[in-house]
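Each chain carries a letter (A, B, C and D) given by its place in the written order, and its residues are counted from 1.
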Amino acid sequence: MIKVGIVGGTGYTGVELLRLLANHPQVKVEVITSRSEEGLRIDDMYPNLRGHYDLQFTVPDVETLAQCDAVFFATPHGVAMKMAPELVARGVRVIDLGADFRIKDLELWSKWYGMEHTSPELAAKAVYGLPEVNRDAIKNAEMIACPGCYPTATQLGFLPLVENGLIDHRRLIADVKSGVSGAGRGANVGSLLCESSESMKAYAVAGHRHLPEVKQGLSEAAGRPVGLTFVPHLTPMIRGIHATLYGILKDPVDGLQELFEQRYADEPFVDVMPAGSLPETRSVKGANICRISVFRPQNDDTVVVLSVIDNLVKGAAGQAIQNLNIMFGFDETEGLRHAGMMP
Amino acid sequence: MIKVGIVGGTGYTGVELLRLLANHPQVKVEVITSRSEEGLRIDDMYPNLRGHYDLQFTVPDVETLAQCDAVFFATPHGVAMKMAPELVARGVRVIDLGADFRIKDLELWSKWYGMEHTSPELAAKAVYGLPEVNRDAIKNAEMIACPGCYPTATQLGFLPLVENGLIDHRRLIADVKSGVSGAGRGANVGSLLCESSESMKAYAVAGHRHLPEVKQGLSEAAGRPVGLTFVPHLTPMIRGIHATLYGILKDPVDGLQELFEQRYADEPFVDVMPAGSLPETRSVKGANICRISVFRPQNDDTVVVLSVIDNLVKGAAGQAIQNLNIMFGFDETEGLRHAGMMP
Amino acid sequence: MIKVGIVGGTGYTGVELLRLLANHPQVKVEVITSRSEEGLRIDDMYPNLRGHYDLQFTVPDVETLAQCDAVFFATPHGVAMKMAPELVARGVRVIDLGADFRIKDLELWSKWYGMEHTSPELAAKAVYGLPEVNRDAIKNAEMIACPGCYPTATQLGFLPLVENGLIDHRRLIADVKSGVSGAGRGANVGSLLCESSESMKAYAVAGHRHLPEVKQGLSEAAGRPVGLTFVPHLTPMIRGIHATLYGILKDPVDGLQELFEQRYADEPFVDVMPAGSLPETRSVKGANICRISVFRPQNDDTVVVLSVIDNLVKGAAGQAIQNLNIMFGFDETEGLRHAGMMP
Amino acid sequence: MIKVGIVGGTGYTGVELLRLLANHPQVKVEVITSRSEEGLRIDDMYPNLRGHYDLQFTVPDVETLAQCDAVFFATPHGVAMKMAPELVARGVRVIDLGADFRIKDLELWSKWYGMEHTSPELAAKAVYGLPEVNRDAIKNAEMIACPGCYPTATQLGFLPLVENGLIDHRRLIADVKSGVSGAGRGANVGSLLCESSESMKAYAVAGHRHLPEVKQGLSEAAGRPVGLTFVPHLTPMIRGIHATLYGILKDPVDGLQELFEQRYADEPFVDVMPAGSLPETRSVKGANICRISVFRPQNDDTVVVLSVIDNLVKGAAGQAIQNLNIMFGFDETEGLRHAGMMP
């Protein structure tokens, strides 16, 4: 039984960590912090947790957090990079669900996130927590940068093609659709039910912060810089990401289905669906799983990959726990074995 | 480890049984039947179950079902009463999520369900599976009639008042609101997204089949026949029931909060919220729990009880498993301990 | 062609006024104000209006507004009572969609709205703008207090019963359900899609500001103070109010259907549906109409009235324009004759 | 005042025709047909129309329809091609909202629609009713084939690029998202609220019937066959299409914004939004308008066009009325001048 802390527990990834960890037999949440909600019981804010925890939000404090074996940061960018170095120095293993440690090129990071990076040493050591790529490195990592939600769905969908050099690496297109929970629990007009339900819209077409992260991951897999057009859309639902990915096959080959099945044959949380299947985001609602289908419409040279996840689970809290399991030698699926909720 | 079968597994209560039982350590689903979908893998219909079961639908057959320790019926009314008697005779314990065995007065049953009852002997022995009322009888029951969804929320909300004779038993009002999954997976125009989203409507105002069931339960608790006005509403969401209950206090007493807290102090699946709380159906989404609040607006003589459940869990599949746990001496919360999903 | 101004045009009632007035042949919107959005084009905020207006928000200014024939206030309470007196003094006819002039008892008003009333003289002269009750007074009114959304649906549903003394006036129950647009365009966490979709909850059970307004109207109609239990619910949809109203018949009479039909026979915007019909809020989406059905379940002594409106139209902007039409001698239905939008 | 008939009035395009025509001063709906609903009042099926029509569904009959000046077919494919020839022969001008006359190559039509075409002569004369391309031909047309919903949004978005030869015509990608009303009012499990809300999925990835229609239109505009990958998605909302279109610029030019603005400068129902704007489908809800934005992300050689319509209006009934207006010499905007509904 390890002790964990959660910094920034009031947002949707925070409560999702709590929901999932409530059933994890080897983890006990000892601390959960929030500056703004100090003293509030977590189940007053999230009544779904009534009966599962006897905890209240406290002000984040390194002394207290340092008593934990692991600390999750479920915070906006800029927070983890300030607190993580000292925790790591004191032997705490840190898993950041935010963006601070995802991009290796810190100049690029600064450009997209609009601030200086304050812990370049730790950034250099941080492991990008996509187990399907970095499982071995995760095992011994001191600092994990959990992938963003769009990057998880997009990379898992493109990886088999890019790793094998099958598509024109300069012309990747990711048309990605996210539920509104991706925008967080902040009180923004654009996330109101009256503004975001019964409507569909693209946003950040000129450039989204997940673009450099995806490019970094796919470029590494390709062995050279990829070109990517990345268009996110706000979809009128709470949870779910649907990535529709387009690539141009260098050689219009058969066997894509097998390629995908083999790539992920041993992955507990990637499900390559039978040929012709159409993954729905609702099939992964609440579950730590990425479902993928691959198509070659009209047997032409364009390949279309459909990749769905729950942005709060495989795209955030679930993946963070998957990393934790790997880091501490638990069964990788511990706490994450439940099925998605349909309907 | 007991063996269970599910008759009628293609509907929403069927898939919800499968979702919940996937994590039940003492239960193995051996058989799942569907006449119309014979041979189809269950995870082809419900891809959320991929990786959790290796089962396909079979035609219902007493021989096969009789090998099980327990059989759930997740069927429309009229099915269980035909098959259950032989199963019970062969020692199988039967839990009917449908309506066949809920109403003791079979003439009344026939009036509301429009057919003769074909197994009056078993109906006489059947136990109404509301554990908060009938726990002891459930333990040894051969045949369980699981309460309907509205009746669960309505009875749990009214019980403390009615059992103690605090309200005018002739003038109960239940204004109940249900998500669309209550209408099932049948392809009805009224359940289409385009017909039922972005709208609110009452239905069956002249008389709903759950009215006699609620009256039966509350009359038993009151020790005399109650008068009830029951108005169901179709609410634009998938899951959830919100019962808003009105009663006239004979004596405008204080202490209703304590009364409710004491009534349910030992109940694992009824959560009386702190005074002044407003239960949301989303706080119980996917979880086997009923959350209740009680109010006396303007300190007047009308009491208002708010009672919420997930119609597919505490209102159907979860409650059925709760009954199973009681019947087989398992921990009553086995397989049902996870938190609801917010957001 | 009259000139009108709108104070507080950024909220949902403001944009709805603009949408409806765009097709009113006798009205030209000259001024629209917003302190926070000064200089912004209205169609930058509300692109549905692109091509319909060439207007930008200005800071509210009495001089400019005084050039109008009529001014609508689509503001939070407390604003209209400060600006309206001078406008009225200068001959402008004012229609307040807010709450400042709805309640005649200003002490009661202060209690519920938490501030002193600053224009008691104008409040005394203000006409409550429910045309179905006050049409004659509206014609010559200088100051109109438009009814709230819940009060419109609730009063229109109860009026035929209360005016004729048919129900126990001490025991009215209004179980009312509103779409989220009733909460306005403010950036509140509770109105986020992720918080308010896929859920149902009651709120303000202890007391809602529309309670005294409804009681005032119904007490006037009854000729004596009525007793009312009023429970509002937040419903996961954008627009619509569904009021489910309960009364106890003194004498379980027949003929309620005819009573309602006769009461509203000449009303252009109240539609008594055929006996047995179930009004859906979507049937009034975008339209200035209240649809009503009346039931006596099981021929008992409880009467159930179902009353639906679009909270932004008959519950706000449409009713305001209906008042304007009456005040200026236009056809009462001008600009309001379009059908609701289904699906 | 012309007399019109509607064949197949029970579906969503049928009721939308009725809603829009209720406010058209030069059109009177004389006949509306439905085999299955003969004798039913249209406002019993669609109560939003109560007070607007005194009509009931009749069995389709050429004699009666031949009395009309124009007849709309709002029917599944295969119906119009059987009845239209005789109507046209008798001088009735026919507007088909279905698919029978959209594709000029009847062999191709048969392949995609799975039946023989029974009126090749009329098909040869039929005019494709996209006013932005074919306005002059529409004026004198006897038979109009209204474009499909996806094809309208997709063609209007690609046209300025394709007509001017700016993009690689072999590599067009249309990632299109539609609300559920696009699937019609048929009682299909996949269109249930419980199946299609809170989820996103692609469908018909291997080939959708709108693909050949879009290719035909764009190939004509390009002057040579285009290559198109077309992936439709079912989006959890009632109305709206969002087309996200990708093309590869031959020459990464500036001036795309001006190009689009000029192309549609005189079009009453195409709105090129200011540079950088993000069109939302809700901004066109209920309105006959296509809103378009054009982007060149990271100033690279990929152009992204966003194009939104209401599938039932500019994608069906509104466009049909726009055609009618052109055919009969009415103001092209008659009956179509209202703004979209936000929120």
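We take it that a contact is a pair of C-beta atoms (placed from the backbone, for glycine too) under 8 Å apart; a residue touches a chain by one contact, two chains touch by 3 or more.
Computed from a predicted structure; not experimentally measured.
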Neighbouring chains common to chain B and chain C, by label: A, D
Between B-D and A-D, the pair with more C-beta contacts: A-D
Greatest separation from chain A - chain, by CA centre: C
Centre-of-Cα separation between chain D and chain C, whole angstrom: 36
Euclidean distance of C-alpha centroids - chain A vs chain D, Å: 39
Separation of mean Cα positions, chain D and chain B [Å, integer]: 45
Numbers and ranges of chain A residues touching at least 2 other chains: 12, 181, 185, 194-195, 197-198, 236, 238-239, 279-280, 282, 285, 343
Residue numbers on chain A that touch chain B, as the complex places them: 12, 15, 18-19, 22-23, 46-52, 181, 185, 198, 238-239, 271, 273, 277, 279-280, 282-287, 289, 291, 337-343
Contact set on chain A toward chain D in their complex: 171, 173, 175, 177, 179, 194-195, 197-203, 205-207, 227, 229-231, 233, 235-240, 242, 244, 246, 248, 276, 278-282, 285, 293, 295, 297-298, 300, 302, 304, 306, 308, 343
For the chain B and chain D complex, residues of the former touching the latter: 12, 180-181, 185, 187-189, 191-198, 236, 238
